[in-house]
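Notes follow once the structure below has been shown.
Labels for the chains are A, B and C, by order of writing; each one numbers its residues from 1.
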Amino acid sequence: MSAAEANGGRMERLFWGAGSAVVVIYALLPVAWIVSLSLKRSADLGDNRFLPDVVSLEHYATVFRDPQFSAALLNSVGIAAISTLAAVLLGAFTAYAIVRLEFPGRRLILAGALAIAMFPPISIVGPLFNTWRTLGLYDTWAGLVLPYMTFTLPLAIWTLAAFFREIPWDLDKAARVDGATALQAFLHVIAPLAAPGVFSAAILVFMFAWNDFLFAASLTSTDHARTVPAAIAFFTGSSRFEQPTGSVAAASVVVTVPVIIVVLLFQRRIVAGLTAGAVKG
Amino acid sequence: MSDIELRNLSKRFDGTTAVKRASFSIHDGEFFILVGPSGCGKSTLLNMIVGLEDASEGEILVDGERVNDLDPRDRNMAMVFQSYAIYPHMTVRENMAFPLKLARLPKQQIDSRVARAAGILELGDLLDRKPAALSGGQRQRVAMGRAIVREPRVFLLDEPLSNLDAKLRVQMRTEIARLQRRLGTTTIYVTHDQTEAMTLGDRVAVLRRGEVLQIGTPRQLYEQPANLFVAGFIGSPAMNFLPARYNAGRLELPIGSLELGPDLRAAVAAGEGPLVAGFRPDHLRAVGDRAQADLCFAARAEVVEWLGADVFAYFDVTLEGFEAMALPEDLELETGRQGCSSLVARIHPGAGLKEGDTFDLGLDAGQVQVFEALSGRNLSLSGGLHQA
Amino acid sequence: MSRRAAAEHRLAWLLCAPAVIAMLVVTAWPMLYAVWLSLFRYDLRFPDQRQFVGLDNYLSVLGSGTWWQALFNTLLITVGSVSVELVLGFVFALVMHRALVGRRLVRASLLVPYGIITVVAAMSWRFAFDPTTGFVNALLGLHGAWLAERWSAFFVIIQTEIWKTTPFMALLLLAGLTLVPEDLLRAARVDGANALQRFFRVTLPLMRPVIMVALLFRTLDAFRIFDTVFVQTRGAQGTDSVSIVGYNTLITRLNLGLGSAVSVLIFVCVLAIAAVYIKGFGIDLSRREDS
C-alpha cells in the first residue's frame, strides 16, 4: 500500500470516526442534560450552565418520597409487563399460524395488522373513554392493558412473523420423523430457536407500552393507574410556586436509566427486532 | 428390516399430479434408488412413504401392514434430509440422542447406541460440538448418525450428497454403500444424479413427471432401457441418438445404413411414427478395416476429451435427408445446431487421436436400439417394460 | 380438501382468533362507535341534552379556524421533521455502515433516543430551551423564550421530534444499506462511477422500497404527534396539532360529539396519507410469504 493510500485510508477512518463521535454526542446530549439538571441544587436551576456547579441529590429524595411517583412507577411496570405478555403470546400464536399454516385469510390478517399500526390512537380515545367509564374500566390497569395490547399486536405479529420465517422449519419434520409429537417438536426444537425472536419482540412491545402518553393521559386520572409518562407530564411539584424542573428531571432520570441499561445489554436483539419487522418482514 | 409395497400410489396438488399411480415393491434389505430429473416426484414419493405427505390415492404397505394413516413417528422409519436438518442448538451427541430420548429409552441404552453410531461414522471427536462448528461433510454424517441410532425398519435418504463438493461426494458415496451393507437395513435413496443411482443401487426406479418409467438393476437399465428417456438419462456420457428410417429390412441413418436382424425387423416395421436410433459411445469402435463392422463411417473429431483411462471424441453428423429429432427436453441433451447432431465416441487412448483428425468408426447392428420418437418406446426390447 | 388440510385451517383460525378479536374489538368497534358519536351533540357535562344532529358537528369542525390551524400545524411539523429525519437518518446510517471503530457504541447510543420516553425527551428539550434554566440561550447568547412564540416553539417541537425519531429511521436505512449487494457497487466502480454517483445511481434506487416503507410509517407517526406538543406548549401559541385538538375537545372539554367528529376527520386524513403513499408511490406492502 503506497503512502498516499495509507494516508487516504487513515483520513477516511478519521472522518468516519469523527462522524461516529458526532452521532454519539447527538444521541446522548439531552440525556446528559437532564441528568445534569437532576443533580443541580434548586437554587442553581436558573444558572444556565450545562453541568452542575454543585452536585445535589435533593430532587431524587423528593421524587422517591412522593407517593404519586412510586405509584406511577408500579403502574407503568405492571401495565407494560402484562401488555407485553399478552401481546407476545397472542402475537406468537398468530405469527406461527401465518408462517406455518395454509389457510384463507393469511394475507388479510397481516394487512389488518398493518392497518392498525397506521391507525391514529386519538380517534378511538373518545369511544374508549366513554365505554370504559360505563364498564368501570376507567382509571384501571385493565383499561390501559387492553388498548396497549391491541396497538402492539401488529408490531408483535410482524416482528415475530419475520423471525419465525427465518427458522428452518425442516427441523420440525425431522423431529416428527425422529418420533416427536407436535408438542415435543415444539418444546425441544422450535421453542429454543424461536426464543431470541420472541425476546426481541417482547422488548419492542414493552418499550411501546412503557412510552405511551396519550392513552395514559386520557384513560386514567389517579394513582390507581396513572403511568409514569402521564405522572411526569402532570407533575405539579412540591410547591405551587416553584417550577418542578428538578423533580421532573430526577423522575425522568429514574425512568430512563433502566431503558439505557436494557438498550446496552440487548441492543443486538432490539435492532434485529426492528429491522426484521420492517425490512425483511 | 422390512419390505415395502406401493399400490397405485398417487399424489395430487391443486390440479397437478406429482406422482401417478406408483406400484412396485422394495425388498427387505435392498438399497433401492429413486432417480429422475427435478420435479419428477421422487421426493414426494419419499415423503409419502415416511408420512410427511398424505397420499391422494393408493396404499403403502410395510411388511404387509397398511401405514397410510400412521404419523411419521409411528412408522419406525428414519430419514436423512437434503439440508441435513440437524438441530443447531444441540450438540452432536444431543442431536443423535434426541430420537432415543423421545422414545424414552433408558439412559444406558441411549449412551451405548450413540457411542456405537459415532464409532461407525467416526464422529467420536465431534460429539460435544455444535453444528455451526462442523463442516458440510461432518454435518451430513451427524444426520446419518441420528438416523442410525434409531435402528429403524427403513432408511430414507433425500439427496443427502447434493450439498457436498464433488470429491467429498464420491467419498461419501462409498461410505454410504458400505454402511448399508454393514447394517443391512432396507434403504430408499432419492437422487437426481444418475451416477449415484448406478453405483449405489441394488435396484433403481427411474421417474419422470410423476411416472415410474422403469425399475431394474443398474445393468438392466443400462443395457435394456424401456424407453427413450431412460436410455438418454442413464449412462455418462449419454447415449448417442440419431433420427432413423426403416426401409425394407434396413435401418437408414445419417451415417449409413444397417441390416437388421429378423426379430428386430418385425418390431421396427410395426413401429409408429418417426424413429430414433440410439447407441452408446462405447459401442462405437475405431476400425482399421472397413469390413470389421456392420456399419462404418468417417468422422472428424471436433473436441477430444482426454480423461486418462478413457478418451472421448466429439464429432458432428449432418442430418441431410433426415428430419431433426425432438428429444425430451428434461434430458438436457445437446441436439446440436441446425441440421447437425453432436455425437460422442469412446476411443482407446492409445489411438493417439487429436482434434481435427478424421477417423473411422464402426457400429454393429446388435448394439443399436430403436425407439419410437413419439411414445419413446424401445422397439428393440421384446415384451415392453421390464419389471424386476 | 383432505382431513389434514381441514384440520390445518381449524388450527390456524384457533391460533389467530384471540389476536384478531382483540384487534377488532379495540379498534374497529370503537372507530364505528366514534362515527356514531360524531353524529350527536353530546357533552358529558350535560348528558341529558344528548341529541342527534347529523353532520352538524363536522360542519362546526370544518368551519372552525382551530381545526384548520391545527391541520396546518400538523402538516408543517410532519413535513419539517420527516424531511430532515430522512437526510439525517441517511447520514447516520452511512456513518454506522462505514465506521469500523466503536460501531456497537454508536448503535447503542442511537437506541437511547428510541428507547427514551417521549414525554421525558420533550421535557428535556423544553428545559434546554427554557430561558431561565436552559443552556441553549446561554450557548447562543440569546434571551428569548422559545416556547412563548409560535414559530420558535415550532422549531423546538420539530427539533425534539427529529432528535427522538431519527435513530429509528437511521436503523431502518442501515438495514436497507446492508441489503445492497457489494457486487453491484464494485461493478459500478469498475464501470467508472465515483462515490457520489454510486450512491445516487445504485444505492438509492435499490433502497427505494425500504425508504418508502420507512417514510410511510414515519409520516403517519408524525401526523399523530401529541406527546411532544402537549408537554412543551400544551398546544398554546397556535402550535396545537390535530391530536391535541381532539384531546382538548374530548377529554378536557368532555364534548364527545364534537370530539368524535374531530377523531373521524383525523382518521380520514391518515387514510388519505396512506393512500397517497400506497397508490402514489406504489409501495408494495404485500410480501412474498412463501419465499
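By definition in this document, a contact is a pair of C-beta atoms (placed from the backbone, for glycine too) under 8 Å apart; a residue touches a chain by one contact, two chains touch by 3 or more.
For clarity, every value in this text was computed on a predicted model and none was experimentally measured.
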Taking each chain's centre as the mean of its CA atoms, which one is most distant from chain C?
B
Between what two chains do the most C-beta pairs come into contact?
A-C
Hey, how far is the Cα centre of chain A from the one of chain C, in Å?
16
Could you tell me the distance, in whole angstrom, between the mean C-alpha positions of chain B and chain C?
60
Need the CA-centroid distance for the pair chain A / chain B, whole Å please.
57
Quick check on the complex: what are the chain A residues that touch chain C?
12-13, 16-17, 19-20, 22-24, 26-28, 30-31, 33-34, 37, 45-46, 48-50, 90-91, 93-94, 96-99, 101-107, 109-114, 116-131, 146-147, 149-151, 153-154, 157, 165, 207, 210-211, 213-214, 217-218, 228-230, 232-233, 243, 245, 248-249, 252, 255-256, 259-260, 262-264, 267, 270-271, 274-275, 278-279, 281
In the complex, the residues of chain A that touch chain B are 168, 170-171, 173-181, 184, 188-189, 192-193
Within the complex, chain A is touched by chain C residues 5, 8-9, 11-13, 15-16, 18-20, 22-23, 25-27, 29-31, 33-34, 37, 44, 91-92, 95-96, 98-121, 123-125, 127-128, 130, 132-135, 137-138, 163, 167-168, 171-172, 174-176, 179, 210, 213-214, 216-217, 220, 223-224, 226-227, 230-231, 242-243, 246-247, 250-251, 256, 259-260, 263-264, 266-267, 270, 274, 285-287, 289
So, in the complex, the side of chain B touching chain A is made of residues 50-52, 71-73, 77-79, 81, 83, 85-89, 98-99, 102-103, 146, 150
